Structures are given as C-alpha cells and as structure tokens.
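Structure incoming, see below.
By letter and in written order, the chains are A, B, C and D; residue numbering begins at 1 in each of them.
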Amino acid sequence: MNKVVTLICSAALGALELAKENDIVITDTAVVEVPCSGRVDEATILRTLRQGAQAVLVVGCLASNCRFSTGNFEAHRNVDEAKRILEEIGLSPSRVEMVEVSSAQYMKLVEAMEMMADRAGELGPIRLLEGDP
Amino acid sequence: MTDCRSNLQRVLDSGNFAVTAEIGPPKSASGEAVQRRARLLKGHADAFNLTDNQTATVRLSSMASAVLCMQEGVEPVLQMTCRDRNRIALQSDLLGAASLGIRNILCLSGDHPRFGNQKGAKGVYDLDPVQELMVFRMMRDEGKVWGGDTLEQAPQVFLGAVANPFADPLDLRAVRLAKKVDAGAEFVQTQAVFDLDRFERFMKQVRERHLDERAHILAGVIPLRSAGAARYMRDRVPGMSVPDEVVDRMSKAADQRDEGIEICLETIERLRSIEGVHGIHIMAIGWEDIVPEIVDRSGLSQRP
Amino acid sequence: MRTVVIAGCGTEARTVADEVVRQGGRAVLLCKEPSGIADRPNGRMEVKASSLIAVRGAPGRMTAVTEDGDVECSSVIVADEPASVALMPWTTPLRSLPEGRGPRGTVVLDLRGGPDRRGRAHALEAAIEMLADGTKVVVLVDEVLAYGHDELLYRQAQQAGALFIRPLAVEREGQRMDVMDSISGAIISIFPDMVVSETAVNQPCTDRGSVSMGPLSTYRRGVLRLRANLLEDELRTEARAAAAIALRPPAEMPRPAMVDEGKCSACLTCVRICPFRAAYMNADGKARIDGDRCMACGKCAAACAGKAIALPGSTDTDLDARIVAAMEGE
Amino acid sequence: MIIAERKGLDRIIEMLDGRRSILVAGCRSCVSVCQAGGEREVVALAEALRLHAASKGMDRSIDTVTIERQCEKEWVMEIAPLIEGKDAILSMACGVGAQIMQQAFTDVQVFPGLNTEGMGAPEVQGVYEERCGGCGDCVLHLTGGICPVARCSKSLLNGPCGGSQDGRCEIDPEKPCAWDMIYRSLVRLGRPDLLEINIPPKDWSHSHHGGPRRVVRKRAVLSEEEVA
C-alpha cells in the first residue's frame, strides 16, 4: 500500500516523465493525474487520507504560467483549508503540502515527493478503523 | 424659586472665563480617593467632571462620586453615557441626581465596551447623546418624561455636551455641535486641544453658526506628563490630534514634566484669545494634583 | 479550405487578410468602409461591408455573427482599432502619450481600473517629464499598488509636483472635471487641457496574447487579436503569426463542465473565478458553462458551494476511483 | 442574505461527543452563498468528522444531505427517511434552519454547526459584512442608504461620535465609520440638509426589543376551509 498520494496536474506531469527519463525511481508514492491542481478541493484531500494515505502532495504549475492561468491559486486555498481542518481535528497539518513546478523542474518535484515520504514515515498511519494494520 | 442654577452656570452666564477639571473615580468601593482629590482641588475650578466608567472600564459610579464631591463642598458635573443605561434608567437617574442637588449634567455616547475591561458587555445605546439632550430638556422645561407623562417636580439641570473638533470629517463637527445645541446643550466641553490651527478652523465654523452665542464652549486641555504619553495619545487614542511638533518638543525637553505643563499653559493662553471660547476644561486624569498649578500659572486662580 | 473572418478596416486587417490568403486560407473581411480594397479575383478574399457582433461555436466550427448575416468559419481575427471606449470620449490613449512635450497647462492622468503595471510605470514616467516642462499633472488612481521600482516612480512623480487623488466620483461638465476625493470628501474642480487614460484593463493576457494560452490569444478560443498601430515589420510578423494560428487545425475539444441546475444556489462563485469567462448565469438565474469556452480545468467543480458542477472524467467518484487504484497499484 | 460561519471543528466534535450516528444537514439557500453550510461545506465537514472518528478509533457513522431551504417545514420533512436511526443531526443552516429542523424531528437532538452573524452581503467574494440590523423601522431614507443601526458600532442615529478618524471606526481600523459613509453619501445625493436635522429617540418596539416579531401577510393566509 502506498503511503503518499501525489495529486498532480497534467502540465506538471511532464516533470515526472522527465524524472523517469533521468532514471529516477519513485517509490511508495501513488500518482494521480488531475486536469488542474485547481480541481483538488479540501474534501478530496481528506478523502484521500481516509482511504489510507499518510500524506498528500498537491502539485501545480508555477504561479504565473499555469495553463489555466489561475488554477494553482485555487489549489493553494484548498490545501490551506485542508491543513486548517486537520489541525482542528487533532491531526498534523504537515501531512498535506503543495508544491509548484514547471514541467522542467523534475528535481524539485522528486525532492518534494521524498519529503512527503519522510513525513509519512515520521507521522505514521492515521489509526484507521477498517483494515488498520 | 431659589437660584437653582449651578455655580458653573452662574460663572458662565455672568461672562466670566470658566475653569472645569476632571476627577477619575477609582476602581474601588471606597470613595475616599474621590474625596481626597475633591479636597485638594476645591476652589481651583468652578466644577469637576466625574467620568462615567471611562474607556468602558468598571469604576465607582459617576453619581456616587458626585455626591462624595458635594459632601466636600465641591460642585460636580455628572457624566451620563448612553452606553450603560436605556432611556428609563437615564431619566430616572436624572431625577435622582436632581434630588441629590446635582445640577451639571454632561451627555455623551461613552467609549465602546471593546475599549474596557468588559469587552463582552452589550452596549445599550438606546438613545444617542443628541436624543439624550432632547429627553433631558423636555423633562426640565416641560416637566414631562419622554412620551408625555408629567412629573410632579421637574429637574433643574444645566445640560452639557462634548464635541471633538479633531475627529473626521471636519465639516461635520460643527454641524453635529449645532444639532446638540438645538437639542438643548447649554455648555460644551471639547476634546483636548493640541492642534490649535484645526481648533481655530472649528471655532470659525462654530461662530458662523452663532453656536457660541447659544452655548458656552469650554476648550479641553490635557497636560502631558512625558513624551511617551504624547506619542500614546497621538497614535493610540482615536479622535485625538497631537501634532508632531508637540511630540518632538516633549522628547527633546530636559524635564518632560515641566515641558508638558509649559505646552499646556501656552495652549490655554492661545485658547483664551479665541473668540467664542468661554472657558477651559482641564483633563488631568491620574495627575489631578497638577491642576492647581496650571490654574494658578495661567492666571485663572481667582474663581468668581 | 479553412475560412478566417477578419474584423477591421485598418492596414492590420488588410495585411492579415492577405496573409491568410497567401497561406492557403479564405479570408472574409468585415469592414464598414471597404474603399480601396478589391475582392481577390480567385474568390479567396471577400469583403463584407458590415461589422462583427458576436462569435459562436468552438475553433474549427465557428459562426461570426455580423450585422447582415452569419459567416461560417474556423476562426476569427479581431484587427480593428481596440474598442477604446474610454472613460471620456475625448481622452488620449496612454500609448500615444507625446514623449515629454505635454501641452502647457493641466493634464489629467486617469489610471483608474488599469492599466497594468507596465502601463502605470509608462504613465508616471511621462508625468515626470511633463512636470519638468512646467505642465501641471493630476493623477487619478484606484489604489496605489506599488512596490520596488514603481514605488520610487510614485515618489518621484509626487516630488516633481504631481497631485495624486483617489477619487470617489468623477463628474464632467463641459470643460470642467469635478473629482470627489475619497479621503476628505472635498470636490476638486479641474480644467484639464488633456485627459490621458488607458482602457486596457488588467488582462492576464499581455498585448500579444497570454503566455500560457498562446500568442495573440484572447479569452475566446478561436478568436485572435491583432494589436493596433504596430510598426511596419512588427505588423508583418504578427499578421503572419495570426494567419498561421488561425489556419491551424483545431485541437480536440475537452469535455466541458456541466451544471446541475437543481443544486445551483446562483452564488456566482463560478462566474467570478472562471479564467476563461465560460461560466455565466442563464435566463432563469442558474449557472451555465459555455461549452465553447470551457477548457475543462475543473476549478469551478472544486469551488462550487453547492457541488452543482461536475467535470466529466474528473468527478469526485472518478477521482476517488483513481486514488484507490493508484494506491493499490505500484 | 443571512451570513453565517462554521463553528470550529473542535467545538463541533465536543458537542457531538458520544453520538454514534450523525446526519450532517446543509442548506442550499443563504449559507450556500456565504460558503458556510452548502453541500461543499457539508461534504468537507463530513469527511473531516469521519477522518477524526477513524483517527480515534470511534465507531461512528456520518451521513450527509443538503436541503433546498432548511427554514421551510415541507423541505425539511423531505429528509424524514434519513433521520431513522440517527442519534444526532448537525444542522449546517443558519439558526433558523436548525430550529425548524428540531421542530420537525422532536426526538433527535439537533446541534448548530454554524454561528449566525446577521443579515449582510459579500464585500468581495469570501468577505461578508453585516448590513441590516433588523430594527423593524427603517431609516435608510434619512441616512443616504447606509444603516446606522447595523453599521455604526454604537448604532448612533445622530452620529458620528468623537472617535471617527480617517473614515474609520474608533473600535477597529478595519471597520469603516458608518456616519462617515452616510456623510459622503448624502453629499453625493445632494441632501446634506438631512445631516442637520435631529432624529428623535427611536421606537425600538418594532425591533426584537418589542418581543419576537410576527409578520402576517393577509393575502397569503389560507382560510380554514382551504386548509382542511
């Protein structure tokens, strides 16, 4: 079971392909493509955590050149909202993070994924009722 | 009818330059502090304001403090804010004050509860100060409470209001004072004057509306104790205009306390020369014992 | 053969029309006074004496609605003088501000509602030069959004004597302009010799289209915009680019977001946030997404307060399924 | 519209302590528009509560529904089947909706998920400001269309007070002074004369101070026969 889920917008997906071309192996993180980071709302992030993810990384384009011009601003607001909710229900907000990459910055993306994997390791799974290991 | 006018009214109506000051009631059930200050200040001013839970902070009530002052032979000015009482309590307290011999009544809105130590309090604000004056004048002149019921005996009171020439918008300040005078204000105590140019512009508008002929205007002054006090007043007290020159003078002064008194005396000197100013109101809350010195050194110690 | 409708009469329109024909397309030129433009003998260029009212459809199958009838085409190029519906009809566009030699007397620089940072800096530099010449300059601003370099410009302009006003209201009577200052409420009467304003509202697209949506692009897919008063060689390159983009085969259409009118509370959030102006309110006060404009980014689906908007292929259930599958996958 | 704001989740969790089966009920009317209790908020809140329950190993079921208008009995009765087996209803409507819900389902406790903050409008998207004080005796014609009861911190009818500076209220620089706005509006409307008249004491009996109000629209009240 993957510990980290990365919700990545289709433009930033290019950075992932570039990472693979530079034969970087990405371990125990599940990648899910979304049309734009702006599509990710706080409920989606919370549902992902409830499906068993220990950390969620939202990947959007750089601030000025989002293909849809303002998608990443919406994403930032939703990620902040999710962090606030986690704090209010007693879970660590650092389980959720957002990073902005251009399709060339594959190292920045890989580092972010590794950071989230470390956090997932530290924080451990959320004690889940069903199928709790 | 005996001369039921107050000493302050007598002084003002006879054309003398009046002096009033302020005593801040303590946060205590003991009136001793009020009486001590009253004894200290007796004879140095024509009447003394007893603030009504200033900055929305719970203190010995203004009414009780007024009675304590009268026991020391000192004439009080009772302050009645619209924040703490609805129109029933305001009218009943007016009757109570009159029954106790209190003559001078100051109507004001009162600092918002957010400033004081009861931030969760529900401000009443049933009436606003203009309406408070209308109600009190009706009780005095028509012997009726608001709504028409007649009183066996009408309260004989000298009605006062406050004005802040330094709040915005400037053009509205004289208009609002006109409303208060129309509503029944006979004397007016203004916010502390530091910015004399703006005060003179305000007084010009007051004279244009002949308000100085219909009400006695007393200009407020505050002696500054330190540069810190000056900065605090300039930056933190809403509706207060303290020019930078005053703050600079205070910070450069060798003895800030003397410089503060010096500035106060100079201000009083200028205020006495402004047409339409019929007196000064010294607000030295927490520094009441400086009032005698200020009154003496400004040549106002011979009270009529 | 693809048809491109070109709106405008100026040299820009004619240049790009020729370019479309040269690149193998058919041009329909909408121009009110078609003097001096002959139809091309081979029928590849047609001139219609009417003007463009609206555009419908998506790239590849568009309809240009003109004053006398519709024209089927694959894309539209707007090349007429930018509709500078200025605040005051007789204002001078910022771009054509004379370098330094403003008129003697008073100039009002009206910077409210735009221009973007670049335009604002250009206006302030011109103001400083005019002030040096002894011209009196009054600058009307919404709010002074200035940081770094611009801040210096504002201070320089102020020190040079420019009067900055944040007006609450501006009324014009003949030559007199009454500006009500929002701080003091005072009414300041000015008798300007020239009023300079820039109607280019803060568009995310730079003059040459949006950096992310492609050159010459506008909010409307399939509609390109050619800037006015370009220099000779600039015009040729832009015209060539415009014709090439216009004649390019349209990309496949993304499936637009759909609104469930039963759930829509008409809260206008989608209308406000859609980067492509695709969301609007229909006649019965419910939101609707214009399929031709929607780029399927899903922002409105995430933001909708009543969860009334779904993006086919990326609905909540779709995302859930993908998340679960991905987690169990690798 | 009515403006409301979600209570802190920690407060909500505290309120729902010990409850096993919860229905979170949103409303499509005002609280959707002010982004407090619409379906999106309901879904997000339910997810948060489920995640919290999961993280604490609580055995709790959370269902959601969003009602067209929670202040209408008929609309509220539509969700009666969902109430079966529930031991708590978390209403994400304004205070009115929560009370109609409790009136409709008397045997299941209704908990308020939102704090209602009065009647107002968005200043910009996401920022909602009180506009109307509901005093039952409107004076907007005297104050240039700006309500002194709701927007002046002291509800002065003959303002401004001595604390107004740079158009700001003395208690909070973020809050504009209502009377400063009234002054500008009346100047703009060419009615500065209205600033000179003394508005007499207000008859507060039309407001809540006269007791809870009851508005009867005669034309709409059905007769016995029609209802029977």
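The working rule: contacts are C-beta pairs under 8 Å (C-beta built on N, C-alpha and C of every residue); 3 or more make two chains touch, one makes a residue touch a chain.
All of these numbers come straight from a predicted model, not from anything done at the bench.
**Q** Which chain has its Cα centroid closest to the overall Cα centroid?
**A** D
**Q** For the pairs A-C and A-D, output the one whose chains share more C-beta pairs in contact.
**A** Of A-C and A-D, it is A-C that has more C-beta pairs in contact.
**Q** On a CA-centroid basis, which chain has its centre farthest from subunit A's?
**A** With centres defined by C-alpha atoms, farthest from subunit A sits B.
**Q** Starting from the mean Cα coordinates of subunit A and subunit D, work out the distance between those two points in Å.
**A** The mean C-alpha positions of subunit A and subunit D differ by 36 Å.
**Q** What is the distance in Å between the mean C-alpha positions of subunit A and subunit B?
**A** 63
**Q** State, to the nearest whole Å, the distance from the C-alpha centre of subunit C to the C-alpha centre of subunit D.
**A** Distance between chain centres, rounded to whole Å: 39 Å.
**Q** Would you mind listing the residues of subunit D that make contact with two or more other chains?
**A** Touching at least two other chains: 40, 43, 166-167, 183.
**Q** At least two partner chains per residue is the criterion; list those residues in subunit C.
**A** 185, 273, in rising order.
**Q** Touching at least two other chains at once: which residues of subunit B meet that condition?
**A** 169
**Q** Tell me, which parts of subunit C touch subunit D in their complex?
**A** Residue list for subunit C touching subunit D: 168-169, 180, 183, 185, 263, 265-269, 272-273, 304-308.
**Q** Can you tell me which positions in subunit A touch subunit D when the two form their complex?
**A** That would be residues 41-43, 46-47, 49-50, 81, 85-86, 88-91, 126-129, 132 of subunit A.
**Q** With touch defined as at the start, can you tell me which subunit A residues reach subunit C in the complex?
**A** So the residues of subunit A in touch with subunit C come to 1-2, 5, 28, 30-36, 38-41, 43-44, 47-48, 51-53, 64-71, 74, 78.
**Q** For a test of understanding, state which residues of subunit D touch subunit A in their complex under the given definition.
**A** 8-10, 13, 40, 43-44, 47-59
**Q** Which residues of subunit C touch subunit A in their complex?
**A** 204, 210-213, 254, 273, 275-276, 295-299, 301-303, 311, 313-314, 316, 319-320, 322-324, 326-330
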